[in-house]
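You will see chain A twice below: alongside chain B first, and alongside chain C after that.
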Partner chain A sequence: MTTDTTAAGPAEPPETPVRGGTKSPRALAWERRRHSAARFWRQYRTHRAGVVGLAALVLFALLALTAPLTVGADVQSVTDAPGGPMEEPSGEFWLGTDQFGRDLFGLVLWGSRVSLLVGLLAAVLSVLIGALVGITAGHFRGWYATVVMRVTDWFLVMPTLVLAIALATVMSRSLLTIIVAIGVTSWPTTARLVRAQTLAVESRPYIERARALGGGHGHVMTRHVLPNVMPLVLAQTTLMISSSILSEATLAFLGLGDPTLVSWGGLLQDAREAGAVSSGNWWYLVPPGIAIAVVALAFTLCGRAVESVLNPRLGVAR
Partner chain B sequence: MDTRAQQDQYGRGGPGPRAGRTRAPRLTRRLTRPLRSLRLTVAAGAAALALTAGLATPLNPAPQQARADDGKKVLTVAVAQSMDSLSPFLAVRLVSTSVLRLTYEYLTGYSAKDNSAVPGLATEWTASDDKLTWTYTIRSDAKWSDGKPVTAEDAAWTFNKMMTDAGAATANGSFVGNFREVTAPSPTKLVIELKKPQATMAALDVPIVPKHVWEKVGDFSKFNNDKDFPIVGDGPFVLTGYKADSYVRLKANKSFWRGAPKFDELVFKYYKDGDAAVAALQKGEVSFVYNLTPAQSAALKKQENIKVNDAPGRRFYALATNPGARSKDGQEFGDGDPSLLDERVRHALFMAVDRKTIVDKVFQGHAVEGKGYIPPRFDTYHWEPSGDQELSYDPAAAAKLLDEAGYRKNAAGKRVGKDGRPLNYRVLCHATDPNDKAVGKYLEEWWGDLGIGITLDCLDNVTDPWLAGEYDLAFDGWSVNPDPDFVLSIHTCAALPATPKDTGATDNFICDEKYDGLYDRQLAEYDPAKRADLVKQMQSRLYDTGYMNVMAYPNAVEAYRTDQIASITTMPEAAGNIFGQDGYWSWWSAQPAGSDGSSGSGGSTGVVVGIVAGVVVLAGAAGLLALRRRSTADDRE
Partner chain C sequence: MTADATSAPVDRAEGPAPAAPPIRGPKARTRTAYLRYVAGKLGGAAVSLLAVLVTSFFLFRLIPGDPVKFMTGGRQVSAEQLASYRREFGLDLPLWRQFTDYCGKALTGDLGTSYQFRTPVIDRITEALPNTLLLTGTAFVLYTALGVLLGTRSAWRNGRLGDRLNTGLALTLYSIPSFWLGLLLIIVLAVGMGPIPGLFPTGGMESGGQEGLAHVLDVAHHLVLPVLTLVAVEYGQTLLVTRSALLDEMGSDYLTTARAKGLRDDLVRRRHAVPNAMLPTVTLIFVNLGRTVAGVILVETVFSWPGLGGLFYQALSVPDLPLVQGLFFVFAAAVIVMNTLADLIYPLLDPRVGR
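Right after this comes the complex of A and B.
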């Protein structure tokens, strides 16, 4: 991914022509970034699927953020549940009720908060670890890289879900546990990708020049390598969020989540435990399931679009 | 322990070394799957289905479960609880003791009609005038499954082993603690001499094992009796196969003295997921499912060929308080919250639980509101608190009680403990029990209003923190036997572990002098009315301490296929449970349904139609796939 759409290394020629010599370097850099952002958006818009995904994401984010105003935390209350157990969808309860008589429409809205939060944080954690491991392994090489990459390989061949289940089981049941369990098990792909990109970047002549001018390890990694792997990391994060959301739902569905929190996976687990599957109470199962699928799909569409904008060589069909 | 009071389905309760539940294999269905592999999966699935469909054509119909392969009548029961052991000396769980009930005969049994003592291995039993010497006449028509006769010597050996070997006393030791000597003067005569009178002599729930097999066993605390099949027994069924968390296979004992069972084979098949078990019942893969949720029972009631049995259960469902774990040698251990040592706090927690709502909402009416310790089904012993003794739901009074006890609210509205920190109780719950989690949600809100926080610790295996006393409150429940001695004994000081490292029979470390005094008196009381009165006084005492908040008596909610089981005995007969009885009545008496009912052919027609439709759809899908395949291949070129 030899991109230069975002902040490029100093050795790269500036993309935008310098208009006049009056502007400070800082202002120039900002102008360049604004331009590349605008160009990025122009190209992104041409990916119809990406736009659809983005629209879905914005909608879900808005719903999740405004949930305290629209449905309120009271929707989780079992003692003040408004309906009877397992009521079918009606005018009063658009998606019916659960076994406690709680409004499922409200619960699905409320559950989006936990699902999205866990998905985002776990993906960020996973990509952070992956980027750190990848850049350092690509930069230092030698025995350090060998050891780190063998560890990465080990994590790569371990089934992620099994590892996450094991982690979630030994740690106490909380939101943080789930985030950590997903984060520390799903980073190896990112690490591999980032390392490959780091190796490619570091073989360029300007890195050698920077070293010759006295640039230390930290300087090379943060000022030259990082900006060049950033696009990859961004695309990877977007893609990782959807798999994190799915993992969160899986763990919650398997009963490893915090039982007092409402999330989509948790709702599916509640439905299963209440016997909704065999009793045919579809309204309990379908909405959270569709919500998970839609959000995961939206993130994937966005991620793919970002990926193909940043790396035209991928040649992904629109 | 045995059927006296087994741990129920979820392996509740702490006592016994094997008391906790092992980790249930989780449903490991992955939700994530790359889209690309989906096509492959569909194709593979189509191929697999086409193959199986080919096998189950109308000419070659799939075997029906009720009359399998060679005309054998097989009864399949879906179970979920893991087996702790198949050794009668170790097993305490409901599933394992139910299996042992079927494979080993006891001295006496309980009548299915009214729970009265009926002859088992013993045809009659008499006591001496001082009630300290009991003589049992052992029947001569009982045989072990290897052909050897069952004699009084087997029974004497079983009891003596439990009296002399601590490992053999693990599960049922409480029965023989008061025995002085057990002898077998003749093959049909068993004599038990007691140290003190014991009221449970006609209710000794101890499986009698064959001496000639068991005297070869070395370490009774380790031997699980699950290697050498068939296992030599004398019950209505013989254990012929067992695989952990997979199945238990039992063959009918045709020479059983009470008469051979009607089914040829009984299989306990494991379904760790309740919904999967119900689906198997709907398809006819299993004949019987128990522990249904309200939604499942409502759905099954509407189906034909399925009968739902919803009857008063023999279980109580409680919230147990950690009273400060300690051992017999006086050492204290664990880390129970010190505020719970205050009776007023326990009463306040009691009064902030609305038991009626729990019955109405969580059990949706499939339970009876909890009052005393012993379920109302055992009406001789059932006790209810009087008007002013009752700790009824009253949050305002609970708040007042907490204020009086010195646990006042701080600025943030949280009650503060003596150490200045807000009160927050850890509630131990079974991750596999939906009811625990559901009730936990209510507790969180009720006690939250009171200013007390809770942390719901839902674990697959609650045994470790439970035995270590590392909890504040815990969901608890036991199945109660017609003779309540055992469930009462688990709250005595004598049941405490010897040292913090040992495992006692205790449920939750309760040790109360007054209660113990009453316990000893009831055990020695031969007059049924007086004994019942003492048992009620014990429950009253237990209630007043506030250690055990019995929230509900859940119903037995079970379902069976009427096209596979024509009739089956419940216990008690009028309205009772089928699974987990105090005896072998249900499976022994179960009548297979007629071998060619009209429903069967209807079912197979449906199957055929379904298969044909499925094949057509799959063929279409496969064709479509092939077309797409080709088109993409063309595109590539």
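Right after this comes the complex of A and C.
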């Protein structure tokens, strides 16, 4: 349903002629792109939830990027921890300390770097695979598409979390493992969406014109299909980051993350292992969870706003 | 195709086709079309199940290290003992023989022997399955009902305060990691915090030593927090899908007609809009039913619920290959079976599908 209707959105002229031929100068194309970007922003601004989500993201991104200046890597050092074990929140330690006496506020700030990085990269990997599979399966019909879509369907029925856990167990414990485990298991939805959109685009007459003028497979896919699929891919990426961050937290909580790095999911695992649950040390558990929820929610809000700008029929509440 | 479309659902609801009708009228054609559709879906499901079986075998062979070492748990053992373990679990055979053995046994319902429990994997699974079904079944019924109910109300009041609160809350809960919510609930409601006493058990399924009604009540008491966690994180998706499906129907002409007839708003919604909007929701409900079985891994781990999810986590940490393999197969099979059921039921609900 979503895919059929999005076909109407990005089909408008300003986004299609990406260097369509020698006639239109590059400057003209750039001007059109700028206009469509400005129009996109004007519409995006009217979605209040989307703006709130974006603001939260900018804030978290700034905090994560400046973390080396504000807290520094020695926040995770167990040996010279500044406080006593399991101290309650105070003026000195805003969120209290963990079982080693490390500052939890600093750890949560520092952990945002891994959580955001893994979320971003896993989502990008997942959407890249999905877009590649979707575009090629939509462009080359015949046995290639049949085989590829069978594989996609097979991945679609696999319980994603179970498969990701299995992959993370099989590979060595590292950041890359988590990224690959999430990215490799979550692409099929994107592939299906992109394929449907590709089929819709390729049935338009201008693709036939491009072929008649001698455009090859590569030309049609990169110059005509890709620009039309991009908005969908963008929205999908935003939504995917949200679920990737949740998956990262889940895998880290199950002890499958890199034990040398601090992440929000890893902090929650530490808290559970240190007995924070049974001794009621809520300050150890609450902040990482809230951070995960806020960032995941912010990406979801942004993704929904992007989606509804591109596809007004969805009727997302503003 | 057009003429018989209206009579088709009634026709199919009668059950299995009677002996071949003498004249192949339009009804017979739709019936064979449906049977062909069913055969196609069942064939696809069988292929998927086979693919899962193959994957479950090879995926976990990739775990580095010697499985026999895991079995002995680091104890000092002689070479003869290692060899006898190998023979016991068929690990001395070449990989292709292990594979054909595994497939052959799996077809007869034998999924191998667990390394850590030394009992057939299938026994562990059948032991844990009822517990998982109790947990997921209860949660599933509750979150589906809640999601559909709030989703319809939300769509009907699209854009108003109630809708925005509803959607906002659903999106927020949807972004919360289930295990974190579970831990918080344990801290606040089970361990007790400040003035709040510990109202519920922190984990497990029963306190033990009770009979009859007391036992049932005890299990229900243990069930509250895990179910609450599952419902909270899962109902949002059903709500959002129901809502957007209903919003798609809202502008339809037949709703205007129904209102023009003078029907009350409530009846327009219940009798006309909701049945049509339920179609996409039904698919989601079935997909959810399959997914929840695998999705409980975290909730079961957090609440020490003796189900399949907890067993999977436990088996992974050994790692107990046959058990992990078997559970992986069960989780994937649950999704495949439920998806196929949804595919089979869908054309009965929506005659446009499956021709």
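By definition in this document, the second predicted complex is superposed on the first by the 294 of 318 C-alpha atoms of A that agree within 3 Å, B and C clash if a C-alpha of one lies under 4 Å from a C-alpha of the other, contacts with A are read in each partner's own complex, and residues count from 1 in each chain.
Everything that follows uses one rule, which is that contacts are C-beta pairs under 8 Å (C-beta built on N, C-alpha and C of every residue); 3 or more make two chains touch, one makes a residue touch a chain.
Every value quoted in this text rests on a predicted model; they were computed, and no experiment measured them.
Asker: With both complexes superposed on chain A, which partner does A:G275 reach: first (chain B), second (chain C), both or neither?
Answerer: It touches chain B, and chain C stays clear.
Asker: Go through the superposed model and pick first if A:E208 touches only chain B, second if only chain C, both, or neither.
Answerer: neither
Asker: Would you mind checking which one, chain B or chain C, touches more residues on chain A?
Answerer: Partner touching more chain A residues in the overlay: C.
Asker: Once the shared chain is lined up, is A:E92 touching chain B (first), chain C (second), both, or neither of them?
Answerer: A:E92: touches no partner chain.
Asker: Could you tell me if A:L285 is touching chain B, chain C, both of them or neither one (first, second, both, neither)?
Answerer: Once the two structures are laid over each other on A, A:L285 reaches chain C alone.
Asker: Just to be sure I read the superposition right, which of the two partners does A:T169 touch: chain B = first, chain C = second, or both, or neither?
Answerer: In the superposed model, A:T169 contacts both chain B and chain C.
Asker: Based on the superposed arrangement, let me know which partner A:L161 touches: chain B (first), chain C (second), both, or neither?
Answerer: both
Asker: Thinking of the overlay built on chain A, is A:F253 touched by chain B (first), by chain C (second), by both, or by neither?
Answerer: After superposing on A, A:F253 lies in contact with both chain B and chain C.
Asker: In the superposed arrangement, does A:D74 touch chain B (first), chain C (second), both or neither?
Answerer: It touches nothing on chain B or chain C.
Asker: Do any residues of chain A touch both chain B and chain C, and if so, which are they?
Answerer: 161-162, 165, 169, 172, 246, 249-250, 253-255, 272, 277-280, 292.
Asker: Going by the contact rule at the top, pick out the chain B residues touching chain A in the complex.
Answerer: Where chain B meets chain A, its residues are 23, 26-28, 30-32, 273-275, 278-279, 282, 292-296, 298-299, 357, 361, 364, 429, 431-432, 434, 437-438, 440-442, 444-446, 456-458, 460.
Asker: Under the definition above, what is the set of chain C residues touching chain A in their complex?
Answerer: 44, 48, 51-52, 55, 59-60, 62-64, 158-159, 163-164, 167-168, 171-172, 174-177, 179-181, 183-184, 186-188, 191-193, 202, 244, 247-248, 280, 290-291, 294-295, 297-298, 301, 312-313, 316-317, 319, 324, 328, 331-332, 334-336, 339
Asker: Under the touch definition given earlier, write down the residues of chain A that touch chain B in their complex.
Answerer: 77-79, 81, 85-86, 99-101, 161-162, 165, 169, 172-173, 243, 246-247, 249-250, 253-255, 259-260, 270, 272-281, 292
Asker: With touch defined as at the start, can you tell me which chain A residues reach chain C in the complex?
Answerer: Going by the criterion above, the answer is residues 1, 49, 153-154, 157-159, 161-162, 165-167, 169-170, 172, 242, 246, 249-250, 253-255, 265, 268, 271-272, 277-280, 282, 285-286, 288-289, 292-294, 296-297, 300-301, 313-315, 317-318.
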